[in-house]
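Both complexes below contain chain A, partnered by chain B and then by chain C.
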Partner chain A sequence: MEWSILEQYGPALLRGFGVTVLCWILGTIFGMALGLMIALIQRYGPRWLGWIIQAYIEVIRGTPFLVQLFVLYYGGPLIGLRLDALPAGLLGLTIYGSPYFAEIFRSGFRAVPHGQIEAARAIGMAEPTIVRRVLLPLGLVSSLPALVNFSIILTKETVILSIITVPELMYQVSRMSTETFRYLEANLVLALFFWALVETISRVGRRLETRITKHLIERT
Partner chain B sequence: MQASAVDIRKVNKYYGPFHALKDVDLAIPPGKVTCLIGPSGSGKSTLLRCINFLEEYDSGEIRIDGQLIGYEVPGRKMSGRKLRQMRRSIGMVFQQFNLWPHMTAKENVAEGLIRVRGLSKSEAETRAAEALTKVGLADKMGNHPARLSGGQQQRVAIARAIAMEPRLMLFDEPTSALDPELVGEVLNVMKALASEGMTMVVVTHEMGFAAHVADQVAFMEKGELVAVDSPQGIFHAPKDERIWNFLRTYHERNSF
Partner chain C sequence: MFSIPVFLQSFEPLFWAARYTLLISGLGIALGLVIGTLVCAARLSPYAPLRGFAAIWVSFLRGVPLLVQLLVFYYTLPVIGIDVPAIFAAVVTVGICASAYISEIWRGAIAALPRGQAEAAVAIGMTPRDTWTRVILPQAFTMSLPALVNELILLVKASSLVSVVGILELTRASQAQAATTFRPLEVYLAAACIYLAINLCLAALGRYLEHRTAV
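Showing the complex of A and B:
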């Protein structure tokens, strides 16, 4: 083991980790937002739109992220979609995550007892208000563990962005290993960073879960 | 004779091939308590849910204070906005309470006042507090449903409905999900409401409540409205054999 190379590559690795975290945060937020939209359209939208969306879900879930990214980055320019590596990577992550998030939200909504929605209808509440005040808060609570779980999976998908030269952690680690032949050290650093990130996310997730379910659990 | 609060005429409802309501006719007098009784699956809950159009009836008419609910004219559906407008003045209490678990008792009651009636938050909370006091829960306003007993939850649900100042209250087996010792507190609140002259339609298995509080009792079986009569008439001089059988089974089950 030769750890002294870290002195030279440390700053680059930290920068890379910063880009990784950024990609993860934005990819998760955008992916969740798109997924939520999909789930709401599936629930309330016209049937034909639902079918189109279902096809989208099947295609995205049925193909590897790497392939999607290649199509987007190298195929995009053919239809005038010319993106830099980072925006392309973020868009890719958003698209890749959206059907999984959509499915999580869909099943979360299904877990909301129908009676609580009927109670809102019975007092004359309008449907958008019901979504905002009843369906979303309760659906999100039941979705939370699965949301946290999938966002953890997404952290590790960010390494694939290195293929299209997004300067995230994996990209920096590859550069360091090819320049120094210190593959083991470089990848151990990578593992350590990811472990720290995932551990943080799951801790925050658990805390959030305890907090928002505090009032929902019957204590006798 | 006074006009009916609810006028149900020749109402039919199908679930696929299943004929759930068969030409049901029933007039609900204003300011009175009408109990719907009958065996499980007889269509009484379905009929009740047709009154605020949570369940869509297929033919016939249901008029609330003279206004047709659910349809503009027979066969053409009413707009969502109009339906919501009508539902504002019809309170409903469910078997499973259906409180919103992420809100406190007070928030549950205030929610409709804010989001539907458009009251300010402080005004809504004042009224919510009044409604909860009325059902005897002044000390539980800050509790979430998970921290309330079934009887307390159902009383919050009643407060949620009456806070909207409805002209009519529908109760769908309000005590069926409760432990026996909690039934009384809910029935007492309902009795108090009845004595104030609230028009009430109650689907119930509580024959005692029907016998003592109802002004009229309707007996249903297999989607048919078999008889409408005074409690006296239904319980002590039933004219139809089906009522007889139902009451006999009921007595056998409840005697010891």
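Showing the complex of A and C:
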């Protein structure tokens, strides 16, 4: 690979990387927030709402992310939802991630020992306080490994946003390769880059996990 | 506005293309099973270089987005002088990517078998080969069936990405359809319905297998 290409396309690639990281972070945060809301509604909301949410979860998990993006980005304007590529991509990532996050939180909440919640009730805590001080802290710690895992999966999903022209890393790399005809090198470098990125994130994630769940390991 | 007749009309041409989606994911999982078994065997082998190779294989394929793998593979083949149809490249990429996940499924299933099983086989004088083919592998296979169906569901969804290299499967066909009719909402929703129908059937199959194989 000629280095002059990098000099020419370097800034665009860096910008693309910035957009990738932005999409990943915001997509993870929004997806987690929506997922948490869904999990709480499923636990405390009325039953009919729970059914609607269950249908939502099945539909989002049963369809490819790419098709969801097409519905949102190309189909949206027909019902008055006109979004630029980047907001559409972020909304798509949020919607795509939310059911997975919701399921993670749901099983995290189930892992909270029932005695803890009964004890909180017995000492007269109000239900919202129980959620805030007992259910959430305990549930979040036990769902942490799965959360880290899924947010790593989301890094890989961000490249699909390039198909609806979100100017993230993959998009910039494709543009560079069509202009310079260096498809193989460009994509190979991109692959190695993602490999390094995902490996780094998962290592950091594991460190974080062991640190936060340290109190759960019995001292011998 | 959303038009129901247009929505219903979009199904017919898409059904035809959905066969390619099924074909690609079906062949992909078959290839993934073959390569995945080999990778898992390498991962469990006593030779360190083989183990290292398998570990890198799994880590690379799980760390790189499928879309990038697809493009790398698609552009590599002509460079090394292999001229194959795009659909072949797509199936091979999907299969190779699946092999990483499948080898991990196998490894997990084998590790989850109680040690006593293998020990008992040795105790009654079975050869190592018999221990593997008659005790460990059959049980590991039954145990991993639900996970394999799950992987197949993931592949059906992942196969939408091969539309990028120009294969006329469900997603590509709906793109073409949306471009000619100017009704992207109806067409893409129809495509989503077909994907959903396929995956709900597979999920039901997975639950059935889980139920059947539960001890």
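Here is the rule we go by: the second predicted complex is superposed on the first by the 216 of 220 C-alpha atoms of A that agree within 3 Å, B and C clash if a C-alpha of one lies under 4 Å from a C-alpha of the other, contacts with A are read in each partner's own complex, and residues count from 1 in each chain.
In this section, a contact is a pair of C-beta atoms (placed from the backbone, for glycine too) under 8 Å apart; a residue touches a chain by one contact, two chains touch by 3 or more.
As the structure is a prediction and not an experimental result, all values here were calculated from the model.
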Chain B and chain C placed together on chain A: clash or fit? fit
Open item on the list: Is A:V71 touching anything from chain B or chain C once the two structures are fitted on A? First, second, both or neither.
Closed with: second
Inset, instruction - May I ask you to decide whether A:I160 touches chain B, chain C, both, or neither, giving the answer as first, second, both or neither? - result: second
Practice problem: Check the residue A:E179 against both partner chains and state whether it touches chain B (first), chain C (second), both, or neither. | Solution: neither
With both complexes overlaid on chain A, does A:E199 touch chain B (first), chain C (second), both or neither?
second
Practice task
Applying the touch criterion given at the start, work out whether A:T63 contacts chain B, chain C, both or neither, answering first, second, both or neither.
Solution key: second
The chain contacting more residues of chain A, comparing chain B with chain C, is C
- Task: Report for A:D84: first if it touches chain B alone, second if chain C alone, otherwise both or neither.
- Result: neither
For chain B relative to chain C post-fit, closest CA-CA distance rounded to the angstrom comes to 26
In the complex, the residues of chain A that touch chain B are 113, 115-116, 118-127, 129, 133-134, 137-138, 141, 215-219
Within their complex, chain B touches chain A through residues 52, 54, 80, 84-88, 90-92, 94, 96, 98-102, 111-112, 115-116, 144, 146-147, 157, 160-161, 164
Per the touch rule above, chain A residues touching chain C in the complex are 58-59, 61-68, 70-71, 74-76, 78-79, 156-157, 159-160, 162-163, 170, 174, 183-184, 187-188, 190-191, 194-195, 197-199
Contacts from chain C onto chain A in the complex sit at residues 1-2, 59-60, 62-69, 71-72, 75-76, 79, 153, 156-161, 163-164, 171, 174-175, 178, 183-186, 188-189, 191-192, 195-196, 199-200, 203
